[in-house]
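In the part that follows, the structures are each spelled out as structure tokens.
There are two complexes below, and they share chain A, which is joined by chain B in the first and by chain C in the second.
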Partner chain A sequence: MSRYLYYHVLYVGMINIMMFVPYLLVRDRFEGAISGMLVAVGISTALSLGIVACFGRFPGMGFPEINDLYLPRWLWSFNLLFGGLCVWLPAGIIVIYSYAETSRLFFYPDMNPYVNLFLLAGASVWASSRSTRTVQFIQEIAMIVITPMLILFLIKAMFDDNMDWDAIRYVAGYVRKPPSFVAIASGTFLFSGYMNLVISNRLHVKRIRFRWIIPVFGTLFLAITFFVPIGFHGTQGVEDYVYLWSMTADSMALDYGFINRVLYVFLLMFTGISLLFIMNTWHTAILFVRYALNRYKGVEEESVSGLNVWMSAAIGILAFVYMSCMNPERNQLMSQLWIIIRFFAEIATLFLMVYFVRKRIKQTEKEKALE
Partner chain B sequence: MIEQIRKELQDPSDLYTNVLDNGTLRMELCFFPYLCDQGLINTELIEPFTYRFHPDAFNRFLVSHPCLDKAEDPKGWTNLLLKGALLFKLEGTVYRLEVPRKLHDKPDSVQIENTLQGPQSALTEDVDMNISLVRVRYNEPTLSVERHVLGEASKSRVVLLYDVERVNREVLELVNERLAQVKVNMLRATGQLMKELSGKRHKLFPIILQTERPDRIATMIERGKVAMLLDGSRFGLILPVRLFDFMHAMDDDYEFHWMSKFLLILRYVAMTLTITLPALYIAIVSYNPEVLRVQLTLSIAGSRVVVPYPSFIEVFIMLFMIEALIEASLRLPRSIGSTATTVGGLILGQSIQQAGLVSSIMIIVTSVVAISNFVIPNNGFGYSIRFVKYVFVVISIFYGLLGVVVLFFSLVVYWCNLRSFGQPYLSFFRPREEASVHRAGNGANEG
Partner chain C sequence: MKKVAFLLLALSCCAFLGSCGFKDIDKRFFVVAMGIDYTGKTETPYLVTLRLAIPATKIGEGLAESQVEQLEAPSIAEAVRNLKSHVDKELDFGQCRVFLFGQSLIKHSMEEPLSWLGRRRDIQLISYLATAEPSANKVLKANPTTERIAGNAFFLTFGKEGTISPYTVTEYLFDSFRRFKEKGLDPYLPTIRFDGNSYVVEHLALLNKTKQQLMLNRRETLLFNLSANAFAKSGIAVNYEGKRLVLYISKVSKQVRITKDNVPTVHLRLKIQGMVEQTAVTLMNRNIPQVEKLLENHFNANTERLLAKIRDAGVDPYGFGLHYLAQYFGDEQDWKHWREVYPQVKFDVTSRVVIDSTGLIR
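What follows is the complex of A and B.
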């Protein structure tokens, strides 16, 4: 079922808000963010379609097994450990930190941050230690619950009276500036939901259809995440906020219903999205490490193995350690660093996958010749 | 024969033994009169014996009678007697005649899973009757009826029903495996069997559906599920099931399409309300009053001006009251039941608010919770939901609104993590036919 891939695309497209992508883009809005975003759309379209096509050549196989087929042990172990511990794992930790701080700020500012983190980390540890198949089901149900809120929120944002389209047009006019690198790297992040194929491709045995969804959704989210705050806060005021989108959400009001401030719809929606993202990144990290340890590649365990639980518990503790070393500014730096590392890791993945596909084609040709 | 049986059974007073003689033949017979159908004994055995004097004629009768068989193993005699057979000895050979007394000869009427315009017959406590009830509704040659005997002391008959062509083989294997592992002394109710088959003891939600409706069993068999009937219980078990099956009432199949879909959505809304509402009340009152619009917050705050303690104590008082009321009215005789609900619901509900112990909004919350809980069509699932509500209350005491949302996510995780006999408990895609879909490993996404 192709749709499982697009849930990833959907929530990763939105989670950029917790990764400070809007902040990074807005910072460069007069110095090449627009052109950077356009370049990012191009690069991401190529990357996403390329990687999805490559994985299509290996039905039912995850990135670890494919690596194992064509690379020596030390190299694939390095690949997996680097991918798991330096790309996937920090992603979840950065987001859990950002969301814990955001939610604490708006829901109960006087609560101990660690107590709040405990709640989120507990849920994420539990969710991420489940089997791949379970994780996939959770994704779908959670997305179905979130989608109505998301649609409400997007409609609200696009058609609000306070939105100033002139500001958007003004900023969009800076398209001729040379693209900035940070804008390119952070722009590509919105598309990278397809990267979850590294593990979930184990569950995809059929050809993935409707691939155009990835660039279309990515572009849409990129435009929204960048232009809507500018429309609300103006070309200059927009750089005053760290929690840019929370403030943007707070600029809207619901006229009917129980809840007045859109901020709370936004926060509740992002609880789900953040937990989904954390669950998936940690789950991928765990499975990468597990494959490096004992070549485990199952997707279904009726009772979850102890290894999963211990590893995710360790990751949970790591989140506490991260919180004790970080403050919002440092976290922002870390997320910027992570976005850049991720950008290169994605490109490297594409090259690796192309290499594997070529090997595979050669192999099948050889087999055919032998027959 | 008679002496041996009397000795083995410790000479019971309700055992009837006699030696009959019709002039040419001599017959020893024994049976438990209260376990056997005496009318049948008369017509099937005593009358032929009295009128067919010729030994050849009587022998032909013995060979051709469908309920008659030889019982050559002396060890099995007592067991046969206890199951309601009659034993007789004729010219050195022992025969048995199956004449068990049938306590139920017509279907029960529905008591728990009522429908408005569906069939009104329910399962009985007699397993043979139940099998025929299912067979009438699912009249296919592929319907397989598999017998097992479980329970050391009760030796209860358990019957597996499934369609050979539609059933999911993996599920069937797992069921047989688990049935073989069941170790109980007395098997009295399907609920016991359900616990034994579910594997882990501490499950929050049922993974087997218990039903009293033969039409539900028939529809489920048609979808490739396995049904299980137990002698002496008027409930059948259905497995594997999904969360959606618990929220499905038989009326949904019989009423017209859009209305039943609407009712289905209503049930899910009600379930969400009954789980989260008390917790949300605590969260809103004690943590995040700013979430709601100001007028609403003010009226909630105004209604609990007189309440002297924090909101969670209020919630606990009212939830205790309503649970006690439900528990009491469940077991009370019908004539007192209505008094209890009037006293509890109306009088206490109103005066507790006037006395200032509980806010009036909380009374509304409590009634919404109780009513919504009864909307859930399956009793066992309703019980679980009733329990889960308290977990939400506890988390909202410590974490407020965020806690409720995160716990709801965790509940989804829990549901998705559950497997009912290897099949996913909660997944959006719901296969109509069990056999073709959702196998673990390869092809998991093929459905």
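What follows is the complex of A and C.
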């Protein structure tokens, strides 16, 4: 069932738009964004293939159980609480805020922002409190619904007549600048879908095939997310936009379609993608905390545990609190901070996993020797 | 008990709905076109004209009704806000797809209107921009006789759904934002006027980063659209054996190469395919190469003259500067060099005209 992993890769590759990755990359376009992106492709390929391979050594086990096997309780509890509360949880909260603001701005600006957030948070709280198996199925259904819009949108974006290839080529020439760190960190985020293995590996008992999809999709999305806005808004105008990709989607028109503005297709598609991302990140955060509390590691539950519901409700309330103390600029800063923390957390995960695999190999050798 | 509590909670959510401030469609006035003129007065320099659609039950030629509101104010935003007190419904810019700038405005400065357009979030980036002759106010007050839906004549004129004219250069708002900022690429705006029963778009205004520098006439506009945008469905004409010969162009492809000499030469190569639409002379196969050669020379000379004229006006709507930077992966230094030598840049236009057919007769 390798495809369940690639759904993650697909929507995380798209969600970078809500994490302001295009903005961060475009800001550095003359100061090392291109070389940074190239470095990011290299790092991410190594990270993703390495981590997927390590998880392959522990079929049917999630990150919490693997930690539990080889680390003392205080350390693995710390790992899980840090991972859940400082990496996975804020990811969903930043995205729910960004998307609520973006859609309100373009659908109906005079609306009370909390109403919009309430609708999104309601859906996410419900979805993220389900069992892992249900979350996986919700994801497949949502991906199938989104895909036609996604393909339409990507084709529209890549082959539009109004793209200025000279601008793209001119910016690409700045590859000679030394890479910028923020560009590297934000570039690696596009490949991060595989990180969902920390929980969903519990469902993967067979070997995961077609692993080349991760670097290929990541590179493709990275190129699109950076170059298409430059093609539409030029090398200088591109830095003026706060909601860069929404404005890029608004620059495309479907002349003979039933909707004239591609922006609406884009926002509709991102409703799905954002909800998917929020559901998955919050679900992972909940399960991390739950394992730290009572070592729960099931993937299916007859009726959803109260713990899940209360925790996700608390996260939903946290999203409201976040909205009340944030404005778009601060949110942008938070997302940048989060992207950097996540970058180091991913590297730490790789080292931890390699350590666990080595332990495991030694253990099996020992067992063989005893026999 | 639990169910009742849940129900109450769900119902209490409805309390939110009152605050979302949604206005029904019959409580809104849809702005379909907006015009901005420069009055030249120090106190109220901007004249804003809005064309508002009136929802009608009958749809038919000439039945489209609209209301025009206008106001002078120190700034565009203030004018729009003030205009709200002139109408009984909420102004909605969500359907506004045409922005007209008066001749006086683009000769003054485009800075203020562009900053207003850029900051408003309900303005579509795929709106059409144009300059209006003699003023945006006059053009918006005119009523085309065949309009079915208010403002629709504008959309059909500028867009590709309705008429496709080689004299109409479509300019989108996002493209203007790009051109007003970009290195080595300058903005242009088509010019619209009203001739008594319909709109006429056949001239092109070329701007530098703030205001108009040059106005192309009808013939030059066609040539520009052909050579800059590779616009097919166009035509070129030449005198052949004393009679007028017109070629309908069905396919154009364009290629630009710029040499890296001290003073660069721009090589513009075009391939033009088409068929003869009108000539009084019988064209046999042996004449065709001769006609092609004639068309090529004629076209090359005209285009080179046009390019030189545009260069002498100090603008670069073709984007040669950007292409130069892109071709050599240039940096700041190259850009500085280009700006210095642009007034002396040489142009070399080579075209290949291929006559596919001579129409239904020889």
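In this section, the second predicted complex is superposed on the first by the 371 of 371 C-alpha atoms of A that agree within 3 Å, B and C clash if a C-alpha of one lies under 4 Å from a C-alpha of the other, contacts with A are read in each partner's own complex, and residues count from 1 in each chain.
Criterion: contacts are C-beta pairs under 8 Å (C-beta built on N, C-alpha and C of every residue); 3 or more make two chains touch, one makes a residue touch a chain.
Quick caveat, the model's predicted, so the values are computed rather than measured.
With both complexes brought onto chain A, simultaneous placement of chain B and chain C is permitted, the two fitting side by side without a clash. By the touch criterion defined above, A:Phe344 lies against neither chain B nor chain C after alignment on the C-alpha atoms of chain A.
For the combined model, the angle formed at the CA centre of chain A by lines to the CA centres of chain B and chain C equals 100 degrees after rounding to the nearest 10. Once the two complexes are overlaid on the shared chain, A:Gln236 sits against chain C while remaining clear of chain B. In the superposed model, A:Leu275 makes contact with chain B only, not with chain C. Once the two complexes are overlaid on the shared chain, A:Tyr108 sits against chain B and chain C alike. Of the two partner chains placed by superposition, only chain C is touched by A:Ala167; chain B is not. Look at A:Phe210: by the touch rule set out above, it reaches neither chain B nor chain C.
When the two complexes are overlaid on their common chain A, residue A:Met247 makes contact with chain C while staying clear of chain B. Between chain B and chain C, the smallest C-alpha to C-alpha distance in the superposed model amounts to 5 Å. Common to the chain B and chain C interfaces on chain A are residues 108, 260-261. Considering their complex, residues 105-106, 108-112, 114-115, 118, 162, 164-170, 172-174, 232-237, 240, 247, 250-253, 255-256, 260-261 of chain A touch chain C.
Residues 287-288, 290-294, 296, 399-403, 405-407, 409-410, 412-413, 415-417, 419, 422, 424, 426-429, 440-447 of chain B are the ones touching chain A in the complex.
On the side of chain A, the complex with chain B involves touching residues 1, 4, 60, 103, 107-108, 116, 119-120, 123, 126-127, 130-131, 133-134, 137-138, 140-142, 144-145, 203-206, 257-261, 264, 268, 271-272, 275, 298-300, 302, 304.
Listing the residues of chain C that touch chain A in their complex gives 13, 16-17, 19-22, 118, 121-122, 124-126, 159-161, 172, 174-175, 177-183, 185, 319, 322-323, 325-327, 329-331.
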